[in-house]
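First chain written, first letter: the chains are A, B and C, and each begins at residue 1.
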Amino acid sequence: MSFWNQSLEIARVDLRVERRLGDTLRIVLPFAVVALMVFPLSLGIELATISRIGPAVFWALGILFGMQVALRLSAADTQERRDLHALLGVDPAARFVGRVLSGGVLMLAFLVVLFIAMVLIYGPTLPSGSWSTVLLGTVLFSIGLTELGTLAGEITAGLRNRTALASLIVAPLALPLVIGASQSLEALSRGAGILPWVLLMLATDLALAVIGVGMARPLEEATR
Amino acid sequence: MTRIRVLFGVAAAAMAVGLWFALTAPPDALQGEYSRIINVHVPSLWLAFLAFGVTALGSIMWLWKKKQRWDRLASASAEVGVLFTGIGLFTGMVWGQAVWGRAWDWGDPRLTSTAVMFFVYLGYIALRNAVDDPVVKARRSAILGVVAVVQVPLVYFSVNLFRTLHQTQSIRPDGSTMPAEMLVAMLVNVAAFTILYVALMAARTDIARIEEANRETELLAGDAVKPPKLSEVGDV
Amino acid sequence: MDPLVHLENAGVSLGGKPILRHVDFSLQPGQVAGIAGPNGSGKTTLIRLLTTLLRISEGAGSVLGADVTSDEVFTVRPSIGMIGHNPALIDELTLRENLVHVVRLAGLAEERVDPVLDVVGLDEASDRRADASSFGMRRRIEVAHLLLTRPRLLLLDEATSGLDNSARELIDALKDRTIADGGGVVMVSHDHQRLDASCDEVMALSSGRLESAR
């Protein structure tokens, strides 16, 4: 089976499993929406400020909860399943790409719904062109965060404290994505161009893709 | 061991010289005596980035050559790096609070990148502590080292871009406008701290080498499992 | 004729501790080798070494002609089949979906799935989720997968434990077919009688070393 077909097959099965389990959209997403509501209640701030900080809160929660979405898929991988893939001759890089594809789709769906919830709860004033900017930012953010989450999930596979450890690894290194995504919307509201921020996220995504594919084989050895 | 003692002796002497320069250089006209913190803050940040670079180099070399000495180098540098990164961040916050009334400077990409590095180091050390097998430990942490060496510059670049497009100037001096005596004092301390780093690295890699050598051939798992005493089962 | 497996003074350490030491082992085409040993003697470690998923820490060897210390092993893995302690099925998929997943990744035609499900006796039960199926049913799916992929080296690690007679006979049939195809089989078991009855040679693992038991 070709590299891309292997990737697509792994992504297909991951999404089918997620459709049956429903953890991302039935548990993580509602939790994230609750967190959206906790912020203004705990800060006790006025409505004008709430509507202004809405997009920033969205991206901050996007990274915190998005990490859980990204890590979930690799968390479900057992040693037996990894061995089976290895013995079937599945290219470790194809596994990485497949995981990023499925995780990216889940993350995108998660973020789109969370963004709509934020707009409803915070009532931000969004400049024209926001939706396409947010969509572009969300796509690039999803890809990058999923790549980081997949890498971190593989590096910590089988370890006792993997959830916390993987999150510790992902969070600081995801800063370029948060900055790029949030600042692109901010730039739009100032009437400035979004290109630098888009390029920043693109560079991050590409760098992580190269690392993920390049390190796939050593990573597979590392998880034995 | 003699080599390490000599290194620490030289480091102690260099630190003493650096301290003398730091205390005798004239204070900054605006910042007063608080400006002397620069003699700890800047060298610590320099070492934080040096240590990070050495960890990255050790990681890449381990993945290429698979020799344990590269893993020892990478992990020792990470541990020493956490120390100096923490000192750099702490002194920076003390300095900022004392002089400018603000502990954290969002306009300084170096500060944010250093904070990110600190957490990456912590994650690196936590990862190593979670794995027993030395080869698995070396491989996983080497991969994290490679991920970090690509991502941290991106973090720096993204914060720098944030600063530039928000026209936020860093409140910290970039060093090049310092009076000559202060600059000399700072550079002497950079050299002293670097010697201290080398001494700490030598000691830490030596300890790691001894720990590996002491990993004796212990009881095999199978030898630890004995046949049950079937005749005594009824007495339980 | 080149051996399917050749290990020379091979050793494996895990967690810094030696599990296998000075292992010399050879498997010829058409041969069934048995490995016996008490709990914790390293039997599963040896099997994982033969799958090439675990690297040796010392010594030398080859599996299906690939040097076990190099990346050549990636090319021969599709010719290795293993039945281990726990079936490698995805709980949320049905038994049939699990087999289809494996068939696709192996680059085989999906049309072959239904006939092999019939052979292993799961044609009517294949729409059950893996986590709702018995251990024996999940084992049969593993056998179905190996019947389709036809490995040259078949590794059985306590493969018949907990199975009824018909499932055991199915695994025996898989073993016999592999030998008939010119492949080799390594069986690991606590059951000395079964090993003696099924294997051309039985070896014993003790203190990490492999010795002939006969």
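Just so it is clear, a contact is a pair of C-beta atoms (placed from the backbone, for glycine too) under 8 Å apart; a residue touches a chain by one contact, two chains touch by 3 or more.
Bear in mind that the values here come from a model prediction, so they are computed numbers and not experimental data.
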If I average the C-alpha coordinates per chain and also across every protein chain shown, which chain's average lies closest to the global one? A
Taking each chain's centre as the mean of its C-alpha atoms, which one ends up farthest from the centre of chain B? C
Inter-centroid spacing, chain C versus chain A (mean Cα positions, whole Å): 37
Whole-Å distance, chain A centre to chain B centre, using C-alpha means? 29
Per the C-alpha means, the centres of chain B and chain C lie apart by a whole-Å value of 46
Mark out which residues of chain A touch at least two other chains, giving numbers and ranges. 221, 224
Per the touch rule above, chain B residues touching chain A in the complex are 63, 112, 115-116, 119-120, 122-123, 126-127, 130-131, 136, 139-140, 142-144, 146-148, 150-152, 154-155, 157-159, 161-162, 165
Touching residues (chain side chain A, partner chain C) in the complex: 1, 5-6, 9, 13, 16-17, 20-21, 78, 80-81, 83-90, 217, 221, 224
Flag every residue of chain C that touches chain A in the complex, lowest number first. 48, 51, 53-55, 71, 74, 77-78, 80-82, 84, 86-88, 90, 92-93, 97, 101-102, 104-107, 149
Sort out for me which residues of chain A touch chain B in the complex. 151, 155-156, 159-162, 165, 168-169, 171-173, 175-176, 179-180, 183, 187, 192, 196-197, 200, 203-204, 207-208, 211, 215, 218-219, 221-222, 224
